[in-house]
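Can you read through this structure? Questions will come right after.
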Amino acid sequence: MTLRRHLYNLLELRDEKPLSGQILNGVLLLLILVNVLAVILESVEQYHRSYASWFWYFEVVSVAIFTIEYLARVWVSVEEVRFGKGWRGRLRFICSPLALIDLLAILPFWLSIFFSIDGRVLRVFRLLRVFKLSRHFSVLEVLGTVLRNESKTLLSAIFVMIVLVILASAGIYMVEREAQPQAFGNIPRAMWWATVTLTTVGYGDVVPVTVAGRIFGILITVLGVGMAALPAGIIASGFTAELARRRDLYELTARKLLQDGDIDARDRRQLIKTREELGLERIDAQQLLRKVSMSSPSVEKTAPQHCPHCGKPLHLSHKNGSQPGA
Amino acid sequence: MTLRRHLYNLLELRDEKPLSGQILNGVLLLLILVNVLAVILESVEQYHRSYASWFWYFEVVSVAIFTIEYLARVWVSVEEVRFGKGWRGRLRFICSPLALIDLLAILPFWLSIFFSIDGRVLRVFRLLRVFKLSRHFSVLEVLGTVLRNESKTLLSAIFVMIVLVILASAGIYMVEREAQPQAFGNIPRAMWWATVTLTTVGYGDVVPVTVAGRIFGILITVLGVGMAALPAGIIASGFTAELARRRDLYELTARKLLQDGDIDARDRRQLIKTREELGLERIDAQQLLRKVSMSSPSVEKTAPQHCPHCGKPLHLSHKNGSQPGA
Amino acid sequence: MTLRRHLYNLLELRDEKPLSGQILNGVLLLLILVNVLAVILESVEQYHRSYASWFWYFEVVSVAIFTIEYLARVWVSVEEVRFGKGWRGRLRFICSPLALIDLLAILPFWLSIFFSIDGRVLRVFRLLRVFKLSRHFSVLEVLGTVLRNESKTLLSAIFVMIVLVILASAGIYMVEREAQPQAFGNIPRAMWWATVTLTTVGYGDVVPVTVAGRIFGILITVLGVGMAALPAGIIASGFTAELARRRDLYELTARKLLQDGDIDARDRRQLIKTREELGLERIDAQQLLRKVSMSSPSVEKTAPQHCPHCGKPLHLSHKNGSQPGA
Amino acid sequence: MTLRRHLYNLLELRDEKPLSGQILNGVLLLLILVNVLAVILESVEQYHRSYASWFWYFEVVSVAIFTIEYLARVWVSVEEVRFGKGWRGRLRFICSPLALIDLLAILPFWLSIFFSIDGRVLRVFRLLRVFKLSRHFSVLEVLGTVLRNESKTLLSAIFVMIVLVILASAGIYMVEREAQPQAFGNIPRAMWWATVTLTTVGYGDVVPVTVAGRIFGILITVLGVGMAALPAGIIASGFTAELARRRDLYELTARKLLQDGDIDARDRRQLIKTREELGLERIDAQQLLRKVSMSSPSVEKTAPQHCPHCGKPLHLSHKNGSQPGA
């Protein structure tokens, strides 16, 4: 095994990672967390004043480690089949979302050495390192899949939301602008109340006070409940559909493996691998297997394997090409 | 192809639209968005004062374009099969929801030339142009279908909401009116608090202060969580049911096509068309196809009715053991 | 048809009601709505002072009509099969929930003639007439079924809610009582904040101000999101399960009718009746029928109706008792 | 039956508990509720001052009873199969969650006799007795199962929540810190607003006032609706999946029992036991049974293999038209 392959295993492999890889990833995870904590604490004036140099040293060390990590990941990326070989494969890796997040975590620092960058912008980019965590939380995958699958429907919910915000702010502007010009004097200003109400956040810093305004407000708060229900409904349906999809896929695989006859050790390994890839619970998989094995074998029972008259096998072997009657 | 047919293709056809049609629709979409933005900005006093004439010119140009668009749509509507031919078809188009929205976007302007209409009313109708966007967002279709399917159940949720608001406002009026006559002095006034609480918006501009009022308030806030859960539950169930319905429909189509024998090129085209009409994901459709092709015909194929060697029928009675021909 | 049967049809029959029955029910519905409105308006001091006698006359007329309605319903209740005949049937009707609601709407008035009852209590009972509406909204049935099915799970959610409120109020009392003794001075007082926060209502009349209080508050607000998610999830699952149950029941009925052979006019009537009883959409029922007729007939195809050797029918008629070989 | 077995039946058996066991459990349940109430009331200064000795006596009696209960449970725990025999079994019981809760309810009191413990800490632990209730509410089991099954997905939602809170507080700190240094002067301080907004609680004690802050706030409130939708969606999907799992399990059991032939009295008892273990409604189980009995064996019954008249096999080859025996 080459050094590159070894390093790839340390950095990338997810489940059968060796202990050294687990430690390395744990250290990187911790470093991200401490980085985020550092940015948060540095925003407190008194900590910033007292420990400015420590924050600076920590930043330099962090960027150094993250840069080495980034370069290492680029180097070993060709080990992954999906990116392909050579510099083309590396370029494809560099353009992948996770690699861009890694780049964003270090680039601003290096640019700030050559160019003068506002400290505030730098701080924002340092906080974006929080996204580096997503590499370490594989549970996010299901959530991501559901949100991607439902993205169109969620977009239509956001569209409805925007239309409702516009109409609600226009309406409250009509009925309330004279009573409270400060809060509802024009539509853009009224949008603050409209959004806060339709999302059921309800700060209460601006509220309608006239009778007409309150009647309109009652209408909008009720619409807000419906509005807030839309994403919940969409996401609930998305999770249900995704689980059903994965269960169906597992069932199909199991049915296919069962069609060839009994389940042997190789089939069993493939079933376990399929289950893990789909993220199904062990108990779910067992139940699906029982269901499949109960439904299909009845076919095999009524479908005899040999002719009861001549005793020959029924299923013509399509492989060695023997002809019936030959 | 006639001019009318050509114009129809430019305006109406959704998916295989030519580039010119895409540009035309893009321009119309942009015009709607700028119109909405203009109404919002014009409500700001300082912009209104500074750019009043520009707003006016833009309004005139917009109405001109929307009027031409409306007349063109009426003219070409007979090309669409579902409306039918001749003036009767056009009348049916004019009464369709999307055409009424288009009419509402321009009619107030033309009426304001002949009649004196209050500027505020005009502005409201100009904002209703935002509904013209719905023609351009096909994703809204699923949302609309779900809301239509669940409309009865959602209505019953709204009915429960109204009953709860009435009872909650009567209850808080009973216990809190003497402590805070300004906020809870009569039932209509108490309704503001009841709605704001039951929808979990919770502005906090009026809150119960007596012990009895707070105990009653705790009851109502808890009921509010249940209340807000109803539409979320109904919509979630609606989306799940709609997706299941579409998947079933696709499965039925696939099963029917498979019954006649193998899937040929024509069947495949129909499957793709069905999938697109139902808005199913490609991966969902593939999985359903695999499921269908694995469940039904494979049984008949693997279970021959006669021995291929001696030609005799295979199915013996396993119970009384009698031999065929014996 | 007797007068009692005639009156029963006017009052009770739901779908095939004659026009006269529809008008009668419309009038009763309107009367309930105006009654509720009257109670709401009478709570406004100025209306009460100006129109006190009108409110009184309206109340007397309403109670008269509701009393006649109640007595009529009691009289005709024996026409309904499920209550049984005679005075025992009537007593069973009187104890049914809908009849108790009707009684509650009139009893306080009649009692107030003989006994002196506080006007406030009377007003509460008059408002309870809003429940009389439930007789007129059949859509509430599905909602009621779902809530009844999920009642156990919803109760466990309420139990979790109560435990969380107790722990949250004890927690905030620990950390915040010295900073704000007025709001968090003892646990019962702190419960107001805990409930308002855990239900995500968030009035903002009392909020933690110390650092420890805010950290604890952040924890509780996040728990509140989870808390509010429980009923939404339970109700969503309840609606999905109820719809699946009804679809399954329709499928079972259809499958049973198909087993006997072709669908004749009588079967079709029964299918329509089943669909209406289950409240399924016409399009859903059609799809289920297509699914059933596609899955089972393949059995009928491979299962011949007549013996290919002797031509006699295979399915021994269990009805006329003819013996094979006879 | 030994005394230990008798006591075990009194304390542990859930459904077929004898009356004496029901009374004992009722008394224990009541004692827990009164304990919780006592802690709540004791936090009110005036009650504490007036009835301090009564609270103390009640505490001593409660701890005495709970201690006896705990010792009894430890003693009889070896009767339960899953813990195993002897002191090893008892140790396993002592480490089980329910037993730890029981221990936590009494340990602080006994420790306070030997060591000096702060009264406030003692009070917290006394309130934890509320968890002792979970032993008495079996409905919590489904809720617990769903939350356990979905724990990974819920954790990923919490992870997204934390990331959003960090980014939202950093964002509002950027745009609002100069206008309101008291509320948004550093990121930790801004987190209060970010959490309160993203959970849609919306107290309104701190709100953005600048234009940039409000635009950012609008973005965050909308994200908050999506955020609050995540757990609702996950829990809804979890309940739906759990119900489907239990129905599938019941169907599998029923199918297996049917495969051996008819359903006899023993099968029926097992079906009832399975239904109760799975917590399925009686009506659900009946429908599933009808479905199972209609799908599988009826086919074999209605499709005979041989003509009942001439005894010859029925299945002819419909494709090449060859006659059997020809």
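Order of writing sets the labels: A, B, C and D. Residues in every chain begin at 1.
As a working rule, contacts are C-beta pairs under 8 Å (C-beta built on N, C-alpha and C of every residue); 3 or more make two chains touch, one makes a residue touch a chain.
Because the structure is predicted, anything quoted here is derived from the model rather than measured.
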{"item": "Interface residue overlap between copies chain A and chain D, same or different (over half shared)", "value": "different"}
{"item": "Centroid-based (C-alpha) most distant chain relative to chain D", "value": "B"}
{"item": "Pair joined by more contacting C-beta pairs (B-C or A-C)", "value": "B-C"}
{"item": "Gap in Å, rounded to a whole number, between the CA centres of chain C and chain B", "value": "27"}
{"item": "Gap in Å, rounded to a whole number, between the CA centres of chain C and chain A", "value": "39"}
{"item": "Chain B, residues touching no fewer than two other chains", "value": "200-204, 228-229, 232-234, 236-237, 240, 312, 314-316, 324"}
{"item": "Complex contact set, residues of chain A against chain C", "value": "200-204, 229, 232-233, 236, 240"}
{"item": "Touching residues on chain B, where the partner in the complex is chain A", "value": "36, 39-41, 43-45, 120, 123-124, 127, 130-131, 133, 137, 139-140, 142-143, 146, 154, 158, 161, 191-192, 195-196, 199-205, 227-228, 231-240, 243, 281, 283-284, 287, 290-291, 294, 298-299, 302-304, 307-310, 312, 314-316, 324"}
{"item": "Parts of chain C lying in touch with chain D, wherever the complex brings them together", "value": "149, 152-153, 155-157, 159-160, 163, 166-167, 170, 173-174, 185-188, 197, 200-204, 207, 214, 217-218, 221-222, 224-226, 228-230, 232-234, 236-237, 240-241, 245, 248-249, 252, 255-256, 259, 299, 302-304, 307-310, 312, 314-316, 324-325"}
